[in-house]
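There are structures below to look over.
Presented sequentially are two complexes of subunit A, the first with subunit B as partner and the second with subunit C.
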Partner chain A sequence: MNQMNHRIALDLDPLRKLSAWRPAEYAFWLLTVAAYFLFPKSLALMSQIAITALFALSLDLILGYAGIVSLGHAAFFGLGAYAAGLLSKYGWGDPLLGLAAGGLVAATVGFVTSFLVLRGTDLTRLMVTLGVSMMLYEAANKLTDFTGGVDGLQGVEMQPLLGMFGFDLYSRTAYWYSLVVLFLMFWLARRLAHSPFGLSLRGIKQNVARMPAIGAPVHGRLVAIYTVGAAYAGVAGALLTQTTQFVSLDVMAFSRSAELLLILVLGGSGCLYGALIGTVVFMAAHHFLADINPQYWQFWLGAALVLIVLFARDGIMGLLRKLPVPGGKQA
Partner chain B sequence: MTAVLQTRNLSKKFGGFVVSNNISLTIQPGARHALIGPNGAGKTTLINLLTGFLEPSAGEVFLKGANVTRLAQHQRVKRGLVRTFQINRLFAEMTVLESITLSVCERLGLGWRWWSPVGSHAAAIDEAAELLATLHLLDVAHHKVRGLPYGKQRLIEIALALASKPQVLLLDEPAAGVPTSESRELFESIARLPSEVTILLIEHDMDLVFRFAERISVMVGGALLTEDVPEVIARDRRVREVYLGEALDG
Partner chain C sequence: MTVLFDGIASGMLLFLISVGLSVTLGLMNFVNLAHGAFAMLGGYTCALLLSRAGLPFLLAVPLAAATAAAAGVVLERTLYRRLYAASHLDQVLFSIGLMFMSISTAHYFFGARQQPVVLPEFLRGQIQLPGLDIGIYRLFLIAVGLCLAFGLQWLVSRTRFGAQLRAAVDNPRIARGLGIDVDRVFTLTFALGSALAGLGGALGIEMLGLDPGFPVKYIVYFLIVVAVGGSGNIKGSLIASLMLGVFDVAGKYYLPQVGAFVIYAVMVVMLILRPQGLFGRSAAK
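Take a look at the complex of A and B:
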């Protein structure tokens, strides 16, 4: 039965049911489970996809919802990766502990740097995020005793997950682990996106000057979501370390930040699923195009990017939404 | 009676250019007060100073007796000082109901709730829907703000402010660009506001001003020229010279 406001006869369902799970969403997550059985030889790749999807999700929270542009989001991914790697190298190899540590370290740095990032306009933000990530990259490069520098961090040894599931050569544990963490964190992000807090972030993105005039503390909200986004990226970085048992310096590289932006534009920002689908399409395309032509695959990537920003501004999700499917992908 | 809103020697300079010059204004609770003056007189700047959108170069702002000069905009809104904008500042990609619900949520202090869906906050949604009903916006409640005609958008601009339950409402040319037929409706909805709500109105349409206001302040060149009841303002020779011209002669 429809929820009505009886005093004024307005059907409130379109707003009340906005957060309900849709059939296409169930289908999407069932497919991620089915993928384990369909592609048993590609579990390593699929784990990487799940981890990158979580990373893309973290950027969507700050860029897609709150409108904070960043060219240095890999800084937080890298912090999480090194935190988890160092923790296990020095004896604390429990995966969940490493995950929490990765998230916490990234969140702390995210919180502190948010005060720099949020000061300016878009261009300032691009430069500050880029600058912060460059400094962290060079710090990791220089502190070779600590991080291994360009050779990467060796000696990462993970204990079995929950004391039961060891990380195997076929990435079976890695896939389930990455997928479950992705799903849980997606679920939290989805709740956040549909909450009054999430609505206020959309308000900030759509009209930042109006928000204080309706009583919203814009700066506080942005600090909060930037910190959350950093924590998400940190967890993704920790996952990569744990599933590959290695940290390479390029976890913090500029190209990783840029690639992430590209993924989000490809998938469509501000709707969570765009981050996930963009990652799947990007990494699958990377995999197959690089097989065909290892040197020039980025040509096709570039072409796709140009076409998307010119003709499909809302990315793949924007195109999907135009399909005449009742109860299709959610907005 | 203590003033609900008061300024003392409020000034604003941009570089060497004085846009607000030593303004001392007192507004009584429940007043229907209009602020008029030629273009560039500094009316909108004054609203920006009152609400904290701009910081004054000198002087102070008092709200219900408390000095709010250093308070941020959103903190003044929490204390009941709410404005609308001369140029719409809306949430274009939201539905009408969503954007009003957003404003209601902020007033109810729900803005930090990240766990529960907006749809579960029935009190906020009901209140937003009822506000839309009073402004005859129910039929577009689920439409995106972006696609609506200008007159409707102007109403939403005001609805966003009303959702904050203002004690002092500053309306910056609410009828600007609205067809006459719709501006009457708009002013009727403003006139229906509870009498304890204090209203300061900036408006260029003198018919509307003289119908609405119980007191009128006149600004010229960043300073207050005079303040009085409408009948006196209409006869004031200085006011005619600087602003009203021959319009009131007939």
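Take a look at the complex of A and C:
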């Protein structure tokens, strides 16, 4: 940051301590590896969970850290999904290339639209993000030659990952692939969140008016994080396309954006693990409750949302933090 | 010409429903995405009263509005009240939750099919003029819409209640100090907003249809009206709804392949150019 020319003796130790990996975090990631061996029959579901977790992570970067509200985050997910799908449909079926393309397309659109989104207040932002995502949804819906419209994009053929691991029927490759991508992206996000850049975002969220006074370019920072968030969502979308080899129109639907907000609020926003844990709980609940009755599921989803907002504003992570466990999380 | 007329009629219908949202969102500053749920409640009440109880249409519609208002009061007293001070995001999440619950409840009781509504004899049919077909029901909608617009404008800007409401919104603490019962004003206003939603929902079955997906399908339109019109502004909502109706109908008529794209584009452009809305009060605080 800019203050380097007047070097003040800053005590960075507390910050360093916060950014160190804690035992609970190692345990969490070991569990994801163990899950492969524990539930070999639900690998397809678990790779979906990993993908959704990455998507939730992308919203957490935007909303939890920078405080930019969005009702249309599924737009970037959808862009990534279609980018990867179309790329492989027309012959470039390499998975990693698809990921990069998905992220890049979403980042580009995110960068461009960030200038629209960052104007105005929360309410305007909600409306503009919603409007942008509805426009993209309509575009995908109407460009049937290109996207397949409501029938979805078919004919996505993936080449083996790194030329070695083909995508199998049991989703073994899909799970490892999604998990590794999730972990790498998470690691990167974690670095980002604890970097000066991440700290300045929190500052912006807490007090927009004061940040310029200490020399932080607010607008530039917000544009940057919005672009990064969009790229993350694009990669998640591309992953979904590659592991399911299909793109349906609902990757961009409003309900996906709304569900994502719920996931993040359920887990607790503003600390990356909230996104991950929220996704696991949400997807597992969805899986079991929707089996019983889809309508039933939607009702309880709504009820959960109402209760969380009223009583547990910090989500699961907030509840965990209140537990007096010695190895537990602090802020 | 017929396209223009249909556009105005559908705009008027949008106005009927979304003016209620303009009241809660604009005047009370609460982002109520569950607004469509109140409209749906009004719609179902009206449909049931017509088909099961056999009430006349002109009686069923006000009853539908009253039901929505009653539901509004109950929810405001128990739930909404706690969130007035919360952030917009919390309000959004909360009302999305309510919306989901209402959808699945409607699904549970009425199933996924569209609810039919039979209009009374005197509202059916068309008047034919050279170059213009006027549906009588649409004419009726336009008349109701105009009456409401003037009535509300008068209520908010000229009556004692309107003044109390504006005071309570702008500064609740000082309004309390002046002896205004802010809680009561808010409850009444919320009931008014819900009643308007119910009324619009009941009148709209004929043109918009009614099924459990109603709250999600149209919430975007309502929000657009409020966002473009400037929140809490009845004249703005009226003009924005009319514009939206005309653009939407004309867009679907002349450029069907583009479809709903036009109105989203219009909204985004409007919001960029005038973040306060067409006739927004520029930060009245």
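By our rule, the second predicted complex is superposed on the first by the 314 of 331 C-alpha atoms of A that agree within 3 Å, B and C clash if a C-alpha of one lies under 4 Å from a C-alpha of the other, contacts with A are read in each partner's own complex, and residues count from 1 in each chain.
Just so it is clear, contacts are C-beta pairs under 8 Å (C-beta built on N, C-alpha and C of every residue); 3 or more make two chains touch, one makes a residue touch a chain.
Predicted model only: the values in this text are computed from it and were never measured.
Applying the stated contact rule after C-alpha superposition, one finds that A:42 touches neither subunit B nor subunit C.
In the superposition on chain A, contact of A:216 is made with subunit B only, not with subunit C. By the touch criterion defined above, A:108 lies against neither subunit B nor subunit C after alignment on the C-alpha atoms of chain A.
The touching residues of subunit C, when paired with subunit A in their complex, are 31, 79, 82-83, 86-90, 92-94, 96-105, 107-108, 216, 220, 223-224, 227, 231, 257-261, 264-265, 267-268, 271-272, 275. Residue ranges on subunit A touching subunit B, taken from their complex, read 5, 7-10, 12, 14-19, 191-192, 194-200, 202-203, 206-207, 209-218, 221, 224.
On the subunit A side of its complex with subunit C, the touching residues are 63, 69, 71, 116, 119-124, 126-128, 130-132, 134-135, 138-139, 141-142, 254-255, 258, 261-262, 265, 295-296, 298-299, 301-306, 308-310, 313.
If you check the complex, the residues on subunit B that touch subunit A are 51-53, 72-74, 77-78, 82-83, 85, 89-95, 97-99, 101-103, 105-107, 110-121, 124-126, 129-130, 132-133, 138, 141-142, 160-161, 163-164.
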